[in-house]
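As written, the chain order gives the labels A, B, C and D, with residue 1 at the start of each chain.
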Amino acid sequence: MEYSFQVHWGDTDAAGIVFYPNFYKWMDAASHHFFATIGHSTWRLFQEEKIGMPIVEAKCQFHSPLFFEDQVCVKSTIAELREKSFRIQHQFFRGEQLVAEGYEVRVWTKFGGDRPKAAPIPAELREKMQREAVTITREEGSW
Amino acid sequence: MEYSFQVHWGDTDAAGIVFYPNFYKWMDAASHHFFATIGHSTWRLFQEEKIGMPIVEAKCQFHSPLFFEDQVCVKSTIAELREKSFRIQHQFFRGEQLVAEGYEVRVWTKFGGDRPKAAPIPAELREKMQREAVTITREEGSW
Amino acid sequence: MEYSFQVHWGDTDAAGIVFYPNFYKWMDAASHHFFATIGHSTWRLFQEEKIGMPIVEAKCQFHSPLFFEDQVCVKSTIAELREKSFRIQHQFFRGEQLVAEGYEVRVWTKFGGDRPKAAPIPAELREKMQREAVTITREEGSW
Amino acid sequence: MEYSFQVHWGDTDAAGIVFYPNFYKWMDAASHHFFATIGHSTWRLFQEEKIGMPIVEAKCQFHSPLFFEDQVCVKSTIAELREKSFRIQHQFFRGEQLVAEGYEVRVWTKFGGDRPKAAPIPAELREKMQREAVTITREEGSW
């Protein structure tokens, strides 16, 4: 799954490069894009089913700075799929160059009760997520 | 009413100065601070009474750039008070220097029905707001 | 000139709508897009010629809230063109609906000397900017 | 070392809680605050000595959501100190409650040459950083 964006002027800082918290903003956007693309808009999930996916952990490693106007492609794959949570991995590419890579651990969460509560990821969605994981594994030539 | 803050590294852009949309972020923070200070937290208003104050217009003029680590004081006053809306004016000072000034027009709004609806500003709050307007007028020596 | 974007999750606030300072972030992005499109990347101007376009005034009026996942198109036109400054107008459309409209006043500025200094907009660029202004006027049927 | 802040309205998202990339913005602010407090403003370092501290890795774990108006205290300590890099750990407290904890790995970097280059952390600064590490260890009662 790919999510593309261009670095905006406001994403940079006084050192002339991207301010690093923006990478997490883009990982978040890539995750929402991921679910929208497999047919499960996170907005619809939240509005209609009171389902959200809060983050419990996020990490990113930065290999090379990004600059204003850079065109970036984020490749997102499901790296781990548990009953009520998953780890989605994001790789940032500028052309062929891997500039950063990270992941988010998100919990499938039912809101609207007394307090938010972790819930099992539905089977249909789980299957779609697994398919994205498989595709990537193949690309990486792990067979 | 005064709201103080320090410019953070992430507020700057590749030209080495503050990215201008941040001034509106600070005007918003100053407005929330204004209501909290006169005893009407906007969070409590929203949580308990479904009252919000969406912006219908905001303008800012920039006289001098702000830099990382600058200490800034925003002076906020009620510039206009109507039945269901008001204009709050914000002046940004770095020491004695006026670096920017702007305003927000906000509408007292009742959420939670079919659609958000403008509502009259309660008399008690109106009086407190007026007092802030008066104080400032005096300071400016207009009497 | 058109600049399109989608509202991200992080652009919203606890009232469920877009946090208003983001509109200025998008006006800024639309202005950079404007110059890139007519062949004058603001990044190249800044890197190679030490030319920037700091904002001296920006205003926006908000007619209707934006929500997560909204597709938005910003139409930008040159509303006023002076020797050393210009006013660029931005209209935000969600489909046919005008949700917000605003402008930025920017000054053509030479950096790198003792202090930044306003400079005349080059004739070639001025002509290209005027063309964008004319196109729009025509569209609005003012002839 | 402690850095305190209050959650702003614009830090929240449509789920009513803090949008998670903001935690990295606060870790960054806490790091700049750390160096300013021990007498080495990062701005002065960058302006006068062309020294920056770009991040090569950042991770955060989120235990409990933050809400608008929450008062938060970040406790920062040097968790690892190498010749040219260091790991600074940040713990987010709301009152007594640990709501999030993370770290940044930063590289002492000399800018201004052909390309940025890692450089040894000066002995005087290294000593001050170590002192902060020791203080914390004591507080945690590990002796």
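As a convention for this text, contacts are C-beta pairs under 8 Å (C-beta built on N, C-alpha and C of every residue); 3 or more make two chains touch, one makes a residue touch a chain.
Please read these numbers as outputs of a predicted model, since none were measured by experiment.
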Intersection of the contact lists for chain A and chain B: C, D
Remotest chain, chain A as reference, centres from CA atoms: B
Pair of chains joined by more contacts [C-beta pairs], A-D or B-D: A-D
Geometric centre distance via CA averages, chain D-chain C, whole Å: 35
Inter-centroid spacing, chain D versus chain B (mean Cα positions, whole Å): 30
Distance between chain centroids, defined by C-alpha means - chain A, chain D (Å): 24
Per-residue multi-chain contacts in chain C, two or more chains: 9-10, 14, 17, 19, 21, 25, 28, 67-68
Partner chain B, residues of chain C touching it in the complex: 14-15, 17, 19-22, 24-25, 28, 46, 52, 54-63, 65, 111
Partner chain D, residues of chain B touching it in the complex: 8-10, 25, 28-29, 32, 36, 41-43, 67-69
Complex interface listing, chain A residues touching chain B: 9-10, 12-14, 16-17, 19, 21, 67-68
